[in-house]
Amino acid sequence: MENLEQIRDRLLARFPGAEVTLINNPGPSAQHSLLLGLAQAREIALFLRDDPALRLDYCSNATGIDWPAKEFTDVVRTPVKDAAGATLRILEEKTKRVTPGFLEVVYHLYSMEKKHGPVVIRLRTGNRTDQVTVPSLTPVWRSCDFQEREIFDLYGVNFEGHHDLRRILMWDGFKDHPMRKDYVAPDDYEWEPTPHGAVLEKAKAHYPAPPPATVP
Amino acid sequence: MTDPEIASPSAFPEPSVLATHSAATVRPVHDEFHGDLLEVSMGPQHPSTHGVFRMVVTLDGEVIVKLKPVFGYLHRNHEKLGENTTYLGSMPYTDRLDYLCSMTNNWAYALAVEKLAGQPVPERAEYVRVILAEMTRLVNHMCLVGFLFNDLGTSFTPLLYAFREREKFIDLFESLSGSRMMCNFQRFGGCRANPSPEWLGAVSKLVDGFPKFLDEYEQLLTGNEILLARTQGVGCLSPELAVQAGITGPMLRASGVGYDIRKADGYGIYPRFDFRVPIGAHGDTYDRYMMRILEMRESVKILQQALRDIPAGPVMDPKSRLRNFRPKPGEAYGRIEGPKGEIGFYLISDGSPNPLRYRVRAPSFVNLTVIEDMCLGRTVADSVVILGSVDIVLGEVDR
Amino acid sequence: MLGTGIIKGLAVTAKNFVGSFYDPARLVTVEYPEKQIPIPENYRNFPFLVHEGDDPIATLRCVACKICENECPPQCIYIVAERDEKGKVLKKPKIFDIDIAVCMSCQICVEVCPFDAIKMDQHFEIAAGNRFEGLLLHREQLAKPNSYYQKIHPTEAAEVDAMLTAMKARQAAEKSAKAKPAPATQTPPPAA
Amino acid sequence: MNAPANTNSLLERAPVMIRDWIIGFFPESLRWPVGALLAIAAMLAVFGLVFAFLTLAERKLLGRAQNRPGPNRSGLPFFRGTKLFGLTQPFADAVKMLTKEDIVPRAADHLLHFLAPVLVVAFALMTFAVIPYGRQLVAVDIDAGVLYFFAAGAATELAIFMAGWASHNKYSLIGAMRALAQLISYELPLLLSVVPVVMLAGTLSPTKIVEAQANVPGGLIPHWHVFTPWGAVGFAIFMVAALAEANRSPFDLPEGESELVAGHLTEYSGFKYALFFMAEYFGMIGLTGMGATLFLGGWQAPCAFLEFIPSYLWFGVKMLSLILFMMWIRATLLRLRIDQLTRLAWKFLVPLALINLGTAAFWSRTDSWSGPLQFVRWAIALALIVVPFVVIGRRLTAGLAPRTYRYAT
Amino acid sequence: MTPEAPITDNEREELRRQGIMLTSLQEIYNWGRSNSVWPLQFGLACCAIEMIATATARFDIARFGAEVFRPSPRQADLMIVSGTVTKKMAPQVIRLWNQMPEPKYCIAMGACAISGGPFKQGYNVLKGIDRFIPVDIYIPGCPPRPEALLNGLIELQKKIRGEKLTGPNAARHLRPDGPGERLVPEFGEHDLNPPHDPEVWQAPSLPRKT
């Protein structure tokens, strides 16, 4: 199989103006991925599926990822030097920078015919609140059907063009998207005999008296 | 390798044409002979839904004109819990995904983490993994056949024979790992315990006697005319649709696509073994049943080879660590051929002890995609059989 | 011919029916409350705490390091360390609770314990009529002697004991080496 | 009929003597109703017990076929720790069933919901009236007994439909519809399989049919209908249809546990459910009893020298072995689908039964053939049966066969 | 199990107090029910496999007369909650319980059914079925061995045998304050509504008091 750079180049040649970015995976698995722009994602997916050299006819895994907004603190260190050039002190300038959060949908593609893979493609939403629509790839690979519904249910990604976009795991009247990182589970804390960590915090909130930590 | 029968789409079709959904392929007739449609909700408590699966079935007489699967009755937040616990802490949870095959789940997860962390595995551990995985496959297929026949209306007899044999395997799992079902045996970089020669001998004895049981089992079941009538031509799945819908495992091979991850990926040490991948020609329930039977025979072969060749040595990589396991940032998707199909784990690490994303690609969840296509136009009695032949376990469908 | 498959199947059930009267392989039932399936040595059910001496609480191996509490995936362990009058933390648990209504018998606490203080029990007949009293085990119920451990897991316990004695011997040797400046070239014990 | 002396042994006559002794206490005008009541009471008691132990036998037999012992530790009240091999299990079940809360769904038709189990047992019991259990043991000896039997037997299916309809449950309704389809399909082969017997015996009275199968003095092979070509086929068809008629596996579609939860029984609890259970076993007893009467010589002993054993015991043995056979089938086979069930009836059993009618006619015409002609008679009769069986069987299972598979590598 | 004495002294005392009729009735009633416990054929999760294993040849729950797994709740006496009860499933479980005729019993099998078990921190997991249904026997384990389930069944049989027909200690189904039907929660926007049935379950006071 060609490597991802070649695929990207071919895609760019075939779809001029499309956004295809290679995302490097620094880990030892070296499963790099292609980030597709939303506008032409479905056409590119179709191409990947039907291209005779690739024939990625099998979408194994579709999953959502929640990337919450991240706050970075950039520290710029400027040494203050005296006339001789010796460092007197170092000035630290801290600037806070927030990378906006987004939701991501990842597809792992294999070829059953050519028996190669995986090719990982990703789609990203604009943010985590109102621009959460991505094109559905269910028309291309039906295996995404339930998996996209699951992403819709648990992450709140809206799939445009999905034929039956309903909640799949939670009940219909459920309002939240529980797999998001900022989801707060309903506070059904009642009695935990062995609390620690987050549960201990809850226990403290529910039993404001000193935490349950003394002899019976 | 023989050419799998995959029809390639000739033209470049429009996306809208591609939606191979089965919306109302069987159209209900409304005239004086056909009354109203009957909507029956099968499940979540139903003897043949293998747990808490639910199918909302619309019937015209006894013929299904619409079938909507409803999931989530066993959605126990596996992935969320996996993201809130350490890499090691997720291992026992994987046992509870497909609770009939904890060993293969363990392996798939260990494989994904090993990919993520670049962790090597000693050779003996690879052999132990193969032995355990193939034993699990035997157990799973055996039980599946039993459950399938329960759906077909036997009074538990095949299931009880299967469980009689299963107990022998379970005893071996228990004496090695300490638990009958929830083995929690694989670790990142090997296995938890080194099997003793006596244990391997016991496996060898059991495996050698297994074909005899299988013969008796087949004598009871395979040639039965009622079975043939109930399963042949029932719930056909075309190879095109199977590939398109991401079906894996015996169900895919029953449709005639020779895709086995043990061959395609060659993970672990599978390339060293000589085994064949059976493929069906019709993709009906009978083929799906026979795939399991034939795969069991192949698994016995793999087991015999593995038990013959297993080297001595440690089963744990000395450099692997149990506590404070923090893989470098990155992501990995590891998959193996589980008894039900491709079981994969997708992990993203941000360098912390907990994975940032922990995703389970469950075979039976995806395999259910085509349940409506297979059931349309069939009767209620067929639908439970078709569902039985898909081989679902709700623990991994809903996770 | 139609019916041969059915007759074959009938033969199999008949064989099993007749076999159940003389062949133990075809009547595999173990009459449970009277007889028991032998439980393999490795079997694990719920954790217990190993103590060495006669006084269960005073001679617990546990040092309340809370590693198991942190590693326990379902968080069913709760430990509070003993403190002396001045508030200094002692290496002893004051509270050690395991909620066996939550425990998933995964054995991770045993694997991570550096002191071999927590081990898996094999007692499983613990059906209770009350969730709040019967199923929350305190350190008094959890503490079981080392001899019990040796009884249920003989191989594993022998290894652990050998390791512990070796470690003690090494510590004693180190101590004596420190006490006496004599050049003690003691070989480290093989098991470590 | 010149019966040997030992057939009039004390044991043989005991039931009748006891009856006569009891009704002797009553004035002449009351003797007939008291006798009838006694017969009913005796039947209820005997078959009630038979039912109880049959449930146990079924559970034990299923258990044994599945490598386990089945219920074996119920013991006795007041004597805890006794086990008695589980022989008291049915009574424990009865106590529980009797004391269980009776739930009628709010939406159900209360009257029909109540009537259905009563009727189903009543109809099943009615079939018992005409079966000759022994030499003199028949409650009502009517001339058209066979017809009466099948009429009453068919009515139980109507009661089942009633149950399904009244429960107001979708599963029950589907089960009820299946029961009706099954009734219509299997009533015909059941009756057709009996016609040859009636034809050759020349009577519709069960007692006379049994007498027609009396032993030829000195004969070693029993002179039963099942030992003739047409009788064997008729018996086989009868048994298959009886399985369907009694809603037993592989024809237990109305109950259809794996598909329809419990079919028409889904909404029945407590004693009403027990009544259905009872009716199923009564139906089985009745059908196997009639099967034994028509084909297996009824209460006749297989050979003349075995006639010292009371006739009703022979009947019991035959009936029980047929019931055990039904249980054995249940332990092995899977369930048919409703369309296959009807297809089996219409396309296989009915034509075969019709052909069997022809065979029976041939058999009765050639009664005089003897010597080597006897062999010709058998050969022709067998050919008349086997050839259609193979041909129709092939057509029925067209396209169904075990397959061979290829391998990817 | 050693064979128990036919009638213990306590029971003789009881006999004298309650009258021989009532006690005999009670004995027969309890004997019948305890030897004919038909469970609901109803598996939720992992423990269901061990429940099936209990019914198989090796363990054979049939020996106790309890192999008749009825798929319809109308004919069942015992509900074995075998596995995780999710919030999505909880209303159905309680509905099934309500559909079962009295006298009925509930065994919470496995950690998940008792307390939510390893999954109790999940957002969709009910932390124990006893929040809605009165549970008679709790069997811990994940999953419990089949023998443990049999042991639980024996405990349940003991409990049934000890039940009284009258008096303040009468069996639950004979008391007016032990209704058979329980509140079925509704699906809320974030959680079940209510999250537990206050009539069945109250959070206990903490065992570790300050």
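As written, the chains take the letters A, B, C, D and E, and residue 1 is the first residue of each chain.
Going forward, a contact is a pair of C-beta atoms (placed from the backbone, for glycine too) under 8 Å apart; a residue touches a chain by one contact, two chains touch by 3 or more.
Remember, it's a predicted structure, so these values are computed and weren't measured experimentally.
Think of each touching pair as a link: the shortest run of links from chain A to chain C has 1 of them. Common neighbours of chain C and chain E, by the contact definition above: A, B, D. Comparing the chain pairs B-D and A-E, the larger number of C-beta pairs in contact belongs to B-D. Of all chains, the one whose CA centroid is most distant from that of chain E is A.
Chain centre most remote from that of chain B: D (centre = mean of CA atoms). Of all chains present, the one whose mean CA position sits nearest the global mean of protein CA atoms is B.
Centre to centre, using the average C-alpha position, chain A and chain D are separated by 66 Å. Computed centre separation for the pair chain A/chain B is 27 angstrom, with centres defined by C-alpha atoms.
Separating the centre of chain D from that of chain E, both taken as means of CA atoms, is a distance of 39 Å. Once the centre of each chain is set as its mean CA position, chain B and chain C turn out to be 32 Å apart. Multi-chain contact residues of chain A, defined as those touching 2 or more other chains: 169-171, 178, 193, 199, 213, 215-216. Contact of a single residue of chain D with at least two other chains is seen at positions 65-69, 257, 261, 331-333, 397.
Within chain C, the positions touching two or more other chains are listed as 2-3, 6, 9, 12-13, 16, 27-29, 73, 75, 95, 99, 102, 104-105, 136.
Chain pairs that touch one another are A-B, A-C, A-E, B-C, B-D, B-E, C-D, C-E, D-E. By the touch criterion given at the top, residues 2-6, 8-9, 11-13, 16, 28, 40-44, 67, 71, 73, 104-108, 111-112, 120 of chain C touch chain B in their complex.
For chain D in complex with chain E, the residues that touch the partner chain are 59, 63, 66-82, 86, 88-89, 91-97, 99-103, 257, 261-262, 265-270, 273. Interface residues of chain A facing chain B in the complex, by the touch rule stated above, are 25-29, 31, 42-43, 46, 50, 55, 57-61, 63, 65, 106, 108, 110, 112-113, 115, 118, 120, 138-147, 154, 161, 163-164, 167-171, 178-179. Partner chain C is touched in their complex by these residues of chain A: 193-197, 199, 213, 215-216. Across the interface of their complex, chain C is touched by residues 61, 64-69, 328-329, 331-333, 389-390, 393-394, 396-397 of chain D.
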